[in-house]
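Two complexes come next, and they have one chain in common, chain A, joined by chain B in the first and chain C in the second.
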Partner chain A sequence: MTLLLPDLLLLLLAALILAFDLYKGEEASSSNVTFHICWIGLMTIFFVLLGLPYDEQALYLGGYQVTGISLLFKQIFVLSAFLTVLLSKPYFTPGGNYRGILQYRSEFLFIILLCTFGMFTVVSAVDLLTLFIGMELATIPLYILSGYQKEDRLSVEASTKYIIMGSLSTGLLLFGYSFLYGCAGSLTFEAIAAACTANPDEPLLKLGVLFVLASIGFKLTLFPFHMWAPDVYDGAPSPVTAFISVSSKAVAIAFLLILVYGPLAAMHSYLQPILLVLAAATMTVGNLGALKQQRLRRFMAYSSIAQAGYIIMAMAGNAEAAYSSIIFYLFVYAAANYAIFFILSIIGRNGEENLSGLRGMGKKNPVLAAVLMLTLFSLAGIPPLAGFMGKFLLFAAAAQEGYYAMVVFAALNSTISLYYYLLLMKEAYITQPKSSKKPLRLDSIQKTSLAFLTFAMVFAGILPVFSSNILAVVQ
Partner chain B sequence: MTLSHCITLSLILCAIGVYGILTRRNLIGILLSVEVILNGANINFAAFAHFKATDPTAGAIFPIFVMAVSACEMAVALAIIISMYRRKKRLDVSRLEELNG
Partner chain C sequence: MNGPLLLTLIWLIPFGIALASLMVRHDDHQRIKMLSLLGTMINLVLVITLTLQFLDVAAVNNTVTDTSLSTFHFVYKVAWFKIMNIEYNIGVDAISVLMMLLTAIVIFCGVLASWNVKEQVKEFFILLNVLVAGVYGVFISIDLFTFFLFYEIAVLPMYLLIGLWGTGKKEYAAMKLTLMLVAGSAFILAGILALYFESGLNTFDLQLLSQVHFSDSFQYWVFPIIFLGFGVLGAIFPFHTWSPDGHASAPTAVSMLHAGVLMKLGGYGCLRVAMYLLPEGAHMWMTFFLILVTINVLYGAFGAIRQTDLKYITAYSSVSHCGLVLFGFTAMTFTGLKGGVLQMISHGLMTALFFCLIGMIYGRTHTRTVSEMGGLMKVMPFLSVAFVVVGFAGLGLPGLSGFVAEANVFVGSFANPATINRVCTVLAVLSIVVTAVYVLRTVNALVNGPISLRFKELTDASLLEKVPVTILLFCLFGMGILPGWIIDLVNGAVHPIYNNLMR
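For the complex of A and B:
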């Protein structure tokens, strides 16, 4: 049972927080108790995850599998939930954000934890039913969270758009599953893999795979299905945006990895060109879209669309290279994205999260501006930061299979992205603010988290310990 | 009635649903179209379970799970739509215009 410990602890933590809230009522939403329980609990779960044996695997109740790879994904999800909880703190205190105070903190934490449990289920699934339930458990809470600021028109509009697109994608996903089921005659991954190996050219199978790809394209913001992302990222409260951009994307990638290298492994040569075309289109659209944005959260939406493109490109490679490079990149991407969103939450305390909000930062908050610079360079992939190492591994995974043209195209795209990341640097260091500004105020949680994230970004790039650990687990 | 009849029916339902989502102006209408797509998929599962599958129980159970999950989804969707109605006083998708660019 030890391998199941993190999942059980997570459920227990969620139940504890809800019970505390029900027991204390009004008192709980104004006090910080649930917040402290939540972050301490998530930290404990993370250390439990680190201590588990990564070379073992076990199957529980015939449908819930724990492997080394799924434990790595769980690390990402727990880390992301932990950072979201820390990030959300100022949003629940008066004066913490210009858009107004968020209410019902315990429910917020509870929904984040349950959503994370859904993600755990996705990476533990061995049949389509568990995969479906997990995916829904990981998505439905996000609709609620993105509309969490009930009094704010933008937040409500964002969640309406999100749930319409999300339910359409669920419908397509179900069609895909039904064709896979019809083809294999059973819902287990083993049966689907057998059907796929026996007859990879079966039209029913291809139809099913295309439906599943279209559906996961919504969640992963792949090119023709990315339209909702900027609106939702812009309208939702910032901690939720951060959670959607990291956790929800990570779970969609995990889902695709599980299918592409699990049951559909025999079709990989058929999927490769589709994935590469999607990757090329996605990174181009993301990078071109980011060029003209003024609002920082829309900017981050396009930036994360482009990052999804780079990640999908690695799926053209073999299983080992794809798993290790993508998991490493997800850690790097999570660190950089959360650093940006912590900075956004600091800017958003007193004003709009626009490009002009960054002005004067280089003079008034030199340390914060330096952190912003490191983060943007990591996102753009400048050596020796972690982002460079991550992108290098992604590109290497595609290059190993001989897709050199694609790698060159991605490198060119990466250059475009450097341009718009530097636009942010220009605002922070060169453009003068119209009126003199007070320096931005940071509380201790923000300082500690930013220090931790910066440390992670710098050292994960220099020391290969981290990436070689992931590679060892994948092998 | 054969398997191909059922699959044709479910694909027609899928097409009707997608058409509805794209053309309906009213949010409730859009939710109904989503339900049509989900039920099309359910017919698919039931048909495959009846005509073809080696493991028919799995295909028969799946639609029940789908119904439960889609009930949750619709509960959340209606709550969101109500809170949107309170803010904007209309249920028209053309009111979803403040976020763009």
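For the complex of A and C:
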């Protein structure tokens, strides 16, 4: 049962927080106890995850599988939940954010944990049903979370929009499933893999796969299913936006990876061109959309749409290259995204989280500005930061199959992205603020987290251990 | 000292200085400047040591025959990333040694020339040092991955260096320059990945890849991608437009380094990666690029005539002269390749001195418009004389470095019997005349004639400013009068590339 330990601990932690809130509700809402329990618990789970054997795999109850790869994904989810919890602190503190204080902290933490458990389920699935349940468990809590700023119209709008789009996507997924079930006669991966291998050109199978792809396109913000993202990212409270942009995206990618290289492996040559076209369109739309954004959460929405494009591109490659490059990139992407959101939370104390909030940072907060610069360079894929190595591996996965034109296209796209990342830097370094500003204030959690994230971004690009470890697990 | 260690130290020292500067208090300008000066001085000494050692080694291995395929020395490799078998693989041949020598000289002078930076000194010198580390890294890399990595490190700091400390339309220029160069490197990245997977050797090692005979259809597509990718940094027409704006807006030291050294990375990459690894592709595309480059040479020269701003004049002349580097390469003859390499060095020294002098003159007159100046010889004889000399180097006067390089380029290019080569050579030679026009006109307007009242009180160069100017002048004359040892070294290094081209 050791391999199941993280999942059990996570459930336990969620139960603990809920129970604490039920018994000590009145006091808990004003104290930080649940917050401390939550982050300590998540950190413990992360270390437990690190300690597990990655070369073993086990199947529990005939439907819950743990492999090295799923443990890697769990690392990402736990890390992301951990950072979200830390990120959320100022938003629950009076005067911590210009949009006003958030209420019901313990519920917030509970929902985050539950959502993370849903993600755990997705990467442990061996049949379509578990996959579906996991995906729903990972998505439905996000509808609640994005409407957490109850008084704010944008937040409510975000939540509504997200529910409608999410339901549509669920519908599509189930519709696609019905075709797969019809072809295979069963929902297990084995049966579907057998059906695919036996007759990869079966039109009904292809139709089913297309519907599944469309459904996951919503979660992954692939073009043309990305429309909801900017509104939801902008409306939701920042920690939720960060969580959606990292965890929710990671789980959708895991979902797709599991299907594409698992049951649908025989159809890979059919999926390759579709994935490449989706990737090309998605990165272009994301990059062009980000050019004119002033509001930073909206900006991050488009930026992460573009990043999804790069990630999908690697799925044109073979399983080993795709898994290793995508998992590595998810870590890198998570680090950079959270770093940006921590900086947003720092700006958010004094005013709107938009471009002009960055002004004067180069002079007043040189260290913070340097962190911002490194983060942006990492997102844009500039060496020697981790983002470069990550993108290089993603591109290599596509190049390995001979899609050189796609690599040129993607690399040029990342030049466009460099433009808007440089706009942020220009705002922080070059544009002078109209009135003299006071230096921004950082609390100790923000300082520690940013230091940790920067450290990760710099060293994952230089030290080969990170990528080698992932490669070793994938092999 | 042990060769590979020396190479590693050479790029680590600027990085170390950048890190050390982080520790210094940000208002302690003097200490930050001294630190950078110290670092570049140590590096200059190390690079000179390296050059001497290389001369020794090259003398011992003087068996460079017409058939040798590689002349890298001080080679050292160690595995780095297990994924894709990326190695830290370093070594130098004569071209890289000479380019490193150029870099060391230019940056040493550059630090001295930027002594008057006053705003955000700490950040300025940190970025400058990171940039230089990247440049050195490119020159010592044999592994294509590290080559690309350092190449990007060298390009990116330019954005802030121009955007923060520049003049004029600095934000526009900085953004344009960065984006165009990064777009170029997008092509390079795809090209490198294509080379890696097509070879099937699971290595990025330049020497091993050069032995692979890639199929013709592959070379046909990949050669122009890589050549153009590097060509953007070498300011190839029509992708040169970043250069005038960028160089005109950049602060003095950055213009010096960028026009002097960084643009040469483009030419270096074209030679080292595109032409060395894809010789058949080079043959297929040469006529096309020859025509582009001829346009470069002429367009740059004519462009310079029309400019009124000193920096723009020099920037356009850079486009023209950098065109000559690629012009030498596209000739596809031994002398042509050699001439291209010599032109890289000569132009590096020359343009660095140009920008250095312009920076000093601008610092005094606060204008760069040629028509507003005049008679500067009366108040600043030292700077004026230096300006005249570097102008002469630009138009290729014998006895100065420009002549050695340009003679080789044109002779080499004419040596190719194809009609198009001969026609293009004749056209390109005409650029010398045009160069003479703008150089002499500018020099005349600047140093001769009556001096306007507001410049009467200006002073000549201070001792601190005289040092970099003197060093660069000395190098210009040195290369012009005693080019023998440089040509011998370049000969040895060009052989393997030429042999590959002719295989």
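In the analysis below, the second predicted complex is superposed on the first by the 475 of 475 C-alpha atoms of A that agree within 3 Å, B and C clash if a C-alpha of one lies under 4 Å from a C-alpha of the other, contacts with A are read in each partner's own complex, and residues count from 1 in each chain.
We adopt the following convention: a residue touches a chain if its C-beta (ideal position, glycine included) is under 8 Å from a C-beta of that chain, and two chains touch if they have at least 3 such contacts.
Bear in mind the structure is a predicted one, so any value in this text is a computation, not a measurement.
K.L.:
Per the contact definition in the header, classify A:Pro200: touching chain B only (first), chain C only (second), both, or neither.
P.N.:
Neither partner.
K.L.:
Quick check on the superposed pair: does A:Ala191 touch chain B, chain C, both, or neither? Answer first, second, both or neither.
P.N.:
It touches chain B, and chain C stays clear.
K.L.:
Is A:Gly63 in contact with chain B, with chain C, with both, or with neither (first, second, both, neither)?
P.N.:
After superposition on chain A, A:Gly63 lies in contact with neither partner.
K.L.:
After lining up the shared chain so the two structures overlap, which partner does A:Phe179 touch, if you call chain B first and chain C second: first, second, both or neither?
P.N.:
The answer is first: A:Phe179 touches chain B but not chain C.
K.L.:
Could you tell me if A:Gly100 is touching chain B, chain C, both of them or neither one (first, second, both, neither)?
P.N.:
In the superposed model, A:Gly100 contacts neither chain B nor chain C.
K.L.:
In the overlaid three-chain picture, which partner chain does A:Arg298 touch, first (chain B) or second (chain C), both, or neither?
P.N.:
After superposing on A, A:Arg298 lies in contact with chain B but is clear of chain C.
K.L.:
In this superposition, which partner touches a larger number of chain A residues, chain B or chain C?
P.N.:
For chain A, the partner with the higher number of touched residues is B.
K.L.:
Touching chain B in the complex: which residues of chain A?
P.N.:
It is residues 127-129, 132-133, 136, 140, 143-144, 147, 150-151, 153-154, 156-161, 163-164, 167-168, 170-172, 174-175, 177-179, 181-182, 185-187, 191, 230-231, 234-235, 293, 295, 298 of chain A that touch chain B.
K.L.:
Sort out for me which residues of chain A touch chain C in the complex.
P.N.:
Counting only chain A, the residues touching chain C are 324, 362-363, 366, 377, 382-384, 388-389, 392-393, 395-396, 399-400, 402, 404, 407-408, 411-412, 414-415, 418-419, 422, 425-426, 429-430, 464, 467-468, 471.
K.L.:
If you look only at chain B, which of its residues touch chain A in the complex?
P.N.:
Checking each residue of chain B against chain A gives 10, 14, 17-18, 21, 27, 30-31, 34, 37-38, 40-42, 44-45, 47-48, 52-55, 58-59, 61-62, 65-66, 69-70, 72-73, 76-77, 79-81, 83-84, 87-88, 96, 98-101.
K.L.:
Mind listing the chain C positions that touch chain A in their complex?
P.N.:
So the residues of chain C touching chain A come out as 26, 80-84, 86, 120, 123, 145, 148-150, 152-153, 156, 159-160, 163-164, 171, 175, 178-179, 182-183, 185-187, 189-190, 193-194, 196-197, 221-222, 225.
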